[in-house]
Each structure stands twice: as structure tokens, then as C-alpha cells.
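Right, one structure below, let's go through it.
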Amino acid sequence: MGIKVGVLGAKGRVGQTIVTAVNEATDLELVAEINSGDSLDALVAAGAEVVVDFTTPNAVMGNLEFCIQNGISAVVGTTGFDEERLAQVRSWLSEKDGVGVLIAPNFAISAVLTMVFAKQAARFFESAEIVELHHPNKLDAPSGTAIHTAQGIAQARKEAGMDAQPDATEQSLPGSRGADVEGIPVHAVRMSGMVAHEAVIFGTQGQTLTIKQDSYDRNSFAPGVLVGVRGIAEHPGLVIGLENYLGL
Amino acid sequence: MGIKVGVLGAKGRVGQTIVTAVNEATDLELVAEINSGDSLDALVAAGAEVVVDFTTPNAVMGNLEFCIQNGISAVVGTTGFDEERLAQVRSWLSEKDGVGVLIAPNFAISAVLTMVFAKQAARFFESAEIVELHHPNKLDAPSGTAIHTAQGIAQARKEAGMDAQPDATEQSLPGSRGADVEGIPVHAVRMSGMVAHEAVIFGTQGQTLTIKQDSYDRNSFAPGVLVGVRGIAEHPGLVIGLENYLGL
Amino acid sequence: MGIKVGVLGAKGRVGQTIVTAVNEATDLELVAEINSGDSLDALVAAGAEVVVDFTTPNAVMGNLEFCIQNGISAVVGTTGFDEERLAQVRSWLSEKDGVGVLIAPNFAISAVLTMVFAKQAARFFESAEIVELHHPNKLDAPSGTAIHTAQGIAQARKEAGMDAQPDATEQSLPGSRGADVEGIPVHAVRMSGMVAHEAVIFGTQGQTLTIKQDSYDRNSFAPGVLVGVRGIAEHPGLVIGLENYLGL
Amino acid sequence: MGIKVGVLGAKGRVGQTIVTAVNEATDLELVAEINSGDSLDALVAAGAEVVVDFTTPNAVMGNLEFCIQNGISAVVGTTGFDEERLAQVRSWLSEKDGVGVLIAPNFAISAVLTMVFAKQAARFFESAEIVELHHPNKLDAPSGTAIHTAQGIAQARKEAGMDAQPDATEQSLPGSRGADVEGIPVHAVRMSGMVAHEAVIFGTQGQTLTIKQDSYDRNSFAPGVLVGVRGIAEHPGLVIGLENYLGL
């Protein structure tokens, strides 16, 4: 007997991965698989305590309204949440004690930890740069995760009252020193064979610290989703970002 | 005007590095350099608020007694502290409010952060291994830092109720899977040209997280000593380990 | 118009990958897909110049006899070749000028290059160690590739008359210094999320050289197979090992 | 008894390192240390077979003329050689059979091997990028070595008739994709604590190959100088670049 889990969008590629992950976890029990067109009532009938929603911006608000009203918490990877939607979710939650909703843009636990550790380490090192590496079909450079990580480092440096990074470069080829994201150089490599990788490098006298995240396939979100499912009972209300579930 | 710092053992190799680091820090003021045979009274005359002690097991207890009694806090990298000595330091401190003593076995900030982050990350990954790399003149393998890091990971796994690591190895050459430190494999590389390096690798579905520390020379303790000097006013009493000063 | 290629075992997982790779290569033309039970005559009818054989030890000898007799060269990844079989292949080839057969245990071009470069670099560095990292379902440790790489390094050191590696270790935990493969320490990491990775590290005064190979999925043999297909016209007779096709 | 070596500029920082390296090598014999103002006749008197010249552009031509005329070979790290000077050295050498002169811009054996291997590997991978990392006091970006490495890769790709690298980037921050050196992206990281490091990354289907060079201190030229001293008897005449001594 474990936490009773329902999966929304269960037949999709992401949904299938989550179904497998829940089935393999001995402390979780898969009680419902819901697909587009299915009635959500099956969740109540099955006694689901938590749902995982990787569906569509069109479907997710209806799903959340139903779940919250029925006392079911939700771990949400679906995109498209703006301030208005978040306010709506908070409003629904305000009428239901003990229900939790976790909405996160990134469930890859290694990427989330990289961001958290980078913020923690930032104020101890005068130098900080990011090198992210992805497959060559990626449309944007740098990756959103790398930009977000750089912003977190910049914020931590600012709070600590740190100076600009040391850099004596006088003569350079354009682009060699990377993109400047709030003072943090970010370099993007596009490489056949790679999937998604990010290295955050910090340096100070005589030493460096490197925090590197490698995603080897597209299912790297699953462990983070399970962290959400297991932790949601302790996080009632709306929480944005898996980092808030890590107890760090 | 900044924190007034005295350096004990100022002529030693380590002391010289600390003298330089204090002189270069705009928020610190070097007010006294004390060497073997010098009177400690100069510290009081100079108004030292904090001393840094990288001296000898023979000298350090006398230094600490004097400093504490004169209301001077101390950042200590000297070795040789057993429970008896720590109890003595606590006893002296109990009679002087507001004085702090930081005793740490390792001031390399990148190594300390590696240990802290490794403990934090451990429970999110079913696999964890350590590869440490040092110059070939090192006498012990694995390094004390790597063993300590492995123990921290093992402890975190135990607290989280985790199973043993997955490992289907059936056929192996002796030693290939490393040393077993409380269930965490630790591999030691000894390599000409290298100084001191440690990689902690974590893995779970579709992804890995690597926290890597590189020391490029023997002065990598200096930034951590300054973290101690700057933070000691907020840490009265006896503190063991720089990790307690990092606000993590 | 390009080299006319036939694929044997075309419906298998490996065969499918090769079919796709040949189709995507503008200088190659896929003219035949043969599966178990199909007649090999289709190869002749289609004018195949080269076949790729990733079939079974049972099927491969018949395939080779047919191909050689019909003047078709073969790139072979099928296992199970002993001295007797190799002698038979040589015998068939001796009667057909200009036909080439390439048999290789490893077509991952990055792994093959790692082995070649490791052998070339070995005599310039007094220290050499290997760290290989694989998924935790692997049954053997170290990997065959890592052992083979270590043997190549050991051979190169012996030919250069080099001394044993420097290593002052006096006190060690069992296994920490890796497996000893002819004097080369080899460390095997088993890590959830990883696929197949190998780092060869060389060190000498003030510097190290690291040659690292990462396989991110099980299709990493395809580029090496194409190297074989493109190069076979220039390598008549029997060649063992893709490294002989690299022009190094 | 070994090769008799004279060191020019023996009191300089570089000269001292070479003196130590020659003294520690059992197959080499240090027979003369020459400094500015000393007569070169001591080289002849001592029976020097090879000299190492890390002196100044002002001194080196006189040194070479003397050495060649006296049948002494020379390993030269001094800068300032233009075509005119090289022609002069060739002219002197043309009158003395069996004397060798090696002039090289870079004696760090790990850096030279990185360049050689990068050229060899280039045609097997559709993607190639370079990330170089140096201390923040460096004035130029990217490093000359990284630019030279990129040019070698570009040349090898051109000779193999390869297409441009795959890169679907549509939306990017300026600089994120690095400097474009003849089609090879080069990224320069400037990081406190680091010395000099270069990673060349190659990628193709399902795999990457990384060749990484780390210099940990400023003496990393010494092993390469000894390679030059030991090999010069087999390389009469003028040779530019240590890579020609590596037997690759």
C-alpha cells in the first residue's frame, strides 16, 4: 500500500514514462490512467490522492479544478501558466485545506539541483561561467535552463555585494567570451550525439568547483515527478518549482 | 577600516599566503603578524578582533587561551585537536561571551562545498560513486576528503531509507569496482601533473549529476580562511567545520 | 549515384539503424535489404558492391562465402570469429582479387579512436589510468574495451622501455587503486542513467591529457559502419579492426 | 652516459626548469650552463651534443650560428622567428650534415598531442567545437593554441569534403555560440584558479569524443623539451613544431 496515483495523459510519451515509473516504485500505487476524453470521475472512484498532469494548456485548468474540488493533489508539468492562471489555482486551493499543487517548468532533478547548488555556491567564487551543450536541432541558444541558472548566480552575487568578474581580455574574437547574461558568461555548444548537458564552473584562488548535469535521454523528468508525488502531502497550497520540494 | 586581523605563524608558507590574502581584501585590515617566540601581547596592542592560527599542535592551545581571554576570536587550521582539547576550548569560551573559535580540517571552499552538496543530493539518486585524483606522491588512498564525502553520502542514504546501489556486476577484476566505503564505491587515481581533485557522481533515470572540485595549487585554503574571518562575529562559541559558516 | 550497399539482417534493431544510416548518406545507395530466409541472389541482381552483416554466427560464414564468390565486399559486425573461421575467410578471399572483408569487434568510432590515440600518447606520459563508466546492468567490470585499451597502453610503454608508473601509496583501502591490467590501473563506475563512457587519463610534469569517449545510445556503431563501407574498396583482403581504416 | 646537453639561458625561470629536468633524466647528461655574457666556447669544451635555447630574440641567432658551425644541434623555444630568420638557419644547416634544429612555439606535450589528435579525428565527426579555459589575467581570447587547433580541424574537414556543421539555432543571445574560427565554434572561459586548459569536443550519431588538455603550472613545457633533445639526432635539418617529433 502506498500513495494512490492517477496519471493524466497516460497514453502520451511522457505519460507512459510516468506510468512505468509509478508502477516500478514500491511506495506508490497506480490507481487510474486517464486520457483525453475519459471522465475524471474515475480518479475519485479509484481513490487517487495525487495526480500527475503532463497534458495540454487547454486541458490542465479543467483537470486542476476537478482535482482540487475533490481533494486530490496535483503534480503538473504542463506548460502555459501565466499569472492569471496561477491566481485561479490559488483561489481554488484557498477553499480546500490540505490539497497541494506543484507546477514546475523542469522536473529533471539533476538540472534543478544544479540550479540550486549554483545559487548557493555563487558568493564564494569571484568567477562563474556556464557551458551548456545540446544536440544540434535545438532552436535556442543558450538554453532556458542555462539562462535561468545564470540569473540565479547573478542574483546571489548581487545580494552578496560582489564585484564584476575578473577578466583582463583586451583582444578577442567576437563571441569567444560567450553571451553576457547579467554579467555571467554563458557558452552554448551544439553537438551531434549529445542530448542535454550543463556545466556551471566556479573559480577562486587555486581551485575550481564544477557542477555538471547530463541528461542522456528524454525520460529524465521521471525521478523528479516522483519526488513531487512523494512530497506533495507536506506542501499544501500552490508551489512553483521542484526546488522547493528538495528540503535544501 | 575593516575587521582587524592578526596572523599567527605569519612567516610560514601558509602564514605568508594568509598575510597576502588579508592584505588584498579591502574589508580586512592586517594589524599583527606573530611568529614563534613573539609575544602575543602585540595582538591586544594592535586591537586584533580575529586571529588566524595555522601554527603547531604545541603552540595552538596557548594561543587560543590567550586570545579567548582577551576577547579575540580565532580561525584555526592547526591540527591535533582531540576531544579533550575541544572540551578545554569550550570551557574557556564559556567564560567569554561573544568570542568565536572556528576549527576546520579543510579550508578549501570548493572541497567543503562538494561535501555539503553531495550530502544534499544523495537521496535523489540511486547511484553514487566518487573518483578522486591526486599527484603520485600521496601516501594514502583514497584521500581523507573522499572517505569523508562517501561517509556523508552513506549517512544521507541511510536516513532516507534507500536500498543498496544497483550493480549487476558478476564478473570482475579485483579492484575494478573501487573501495567500498559504507556502500559507496571510491576510486583513487594517482597521476603525475595533478594536484588534488575529487568528482562525486550521482545517477538516476536518464541523467547524472557530477560535482567536481579541482585544486590547482597548495594555496587553495586562503579563500575559505577569509570566509571564516568574515563570518566569525556571527558564530560565537566553538564551531567545527567550515561548512557551518556557509549559510546553506 | 554512390556505393551500392546491401544490408543483411535488415529487419533487426541493428539492421534498421544501418538501413537508415545508408539511406541518409548521399554518397551511398541502399540496393538490397536481406533478412533471414531471403535468398542472397538479390544482392547480385541489385548490383550490391558492399554488404553490411550484423547477423548471427550461424549465418555469417554462408553470407561471406556467397559475397566473396560474387565479388561483393563485406563489413561485418557479427561475432564469433575464431582463428579457424578467419583462415577460411582468408582462403576464400585469396581466390578473389579486389574483394575486401572488414571484421571488427567495435564500430563505435569514438571508442576506436580513443584506443588508437591512447596507444599513440602512452609513451609521452609516465602516468596512465582508465576510468570507464557504464549503466549498472553491465555484467563485467572493467569493460572489454577498457581492458583492451589498457593492454594497448601497456604494450606501448613496454616498447618505449618505460618504468613502472609512479605511485607512493603506502596505506590504502582495498580496491581504491583500481584493477591492475598489465600495470595500468583501470577503474569501473556503474551508474544509473549512464550508457557507456571511457576516459583515458595521461599525466606528466605539470599537465594531463584526457581522451574521453561517451556513447549516449545504442546506435553509436552506425558512423563507424559507414567508415567501413566507404573505405573497403581501398582495403582488399581481410582486415581485423576498424582502426586500420582510419588512415592514422 | 647519455646525450650531452647544454642549457642556454640557464639562470632564467625556464632555464632552471630545464636544468632540473635534464639532471633528473637518467639518459641525459647536463654538461654546460650558459648565461648571458658567458662564452659559448664552453659548449664545445664540454662536448655538448644538443643545446636547449629559451633565450631572447636578440641572442638566439648568434647562438644558433655558433652551435651549427660547431656541429651542435639545438632545441629552441625562443620566439621571434620570421621567414627571413628561418631561411638563415636553413642556410647554416645546409653546410653542416647531421645537425638538427627544432623550433617550436609550444612544447607542452599534452597541448601538441591535442592538436595532432584533433586533426586526425576531425573527419569522422560532423560536429566539432573547442572550449578553452584560462586564468582571468590572459589578454587574448581565444588562446592562440585554440585558434591553431580550430584551424587544423577546419583544414581536415575541408580536405575530407565535409559539409558545414549541423546547427539549427534560430534564436540566440550574441556570443552564445562562440567565436567562429573557419567554421569551428571556439568558446573561451576565463576563470580564477585555473591555469591553461583546452577541450576539443567531437560529435556524431550517438557519441562524442573529447580530447582535453590541462596545464596545472608553468613548467609544463619541460617534458616536451626532453622529447626534442632525445629525438633531434634522428631529425637533421630544420624542423618547425614538436608534432613532427612524435612519430605519429
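Points worth noting:
As written, the chain order gives the labels A, B, C and D, with residue 1 at the start of each chain.
The rule is short, and it goes like this: contacts are C-beta pairs under 8 Å (C-beta built on N, C-alpha and C of every residue); 3 or more make two chains touch, one makes a residue touch a chain.
The UniProt protein names, listed by chain, are A, B, C, D = 4-hydroxy-tetrahydrodipicolinate reductase.
Bear in mind that the values here come from a model prediction, so they are computed numbers and not experimental data.
Any chain bridging chain C and chain D, meaning touching each of them, is among A, B; the list is complete. The interface holding more C-beta pairs in contact, when A-D is weighed against A-C, is A-D. Of all the chains, the one whose CA centre sits at the greatest distance from that of chain A is D. Of all residue numbers used at the contact between chain A and chain B, over half are used by both chains, marking a mostly same-residue interface. Chain A and chain C have centres, each the mean of its CA atoms, that are 39 Å apart. For the pair chain A and chain B, the distance between mean C-alpha positions equals 32 Å.
If you average the CA atoms of chain A and of chain D, the two centres end up 46 Å from each other.
The residues of chain A that reach two or more other chains are 125, 193-194, 204-208, 214, 216-217, 220, listed in rising order. The touching residues of chain D, counted against chain C in their complex, run 21, 108-111, 113-114, 117, 120-121, 124-125, 202, 204-220, 222-223, 227, 246, 248. Residues 125-127, 129, 131, 133, 136-142, 147, 165-181, 185-194, 201, 203-208 of chain D are the ones touching chain A in the complex. Within the complex, the chain B residues that touch chain D are 193-195, 214, 216-217, 220.
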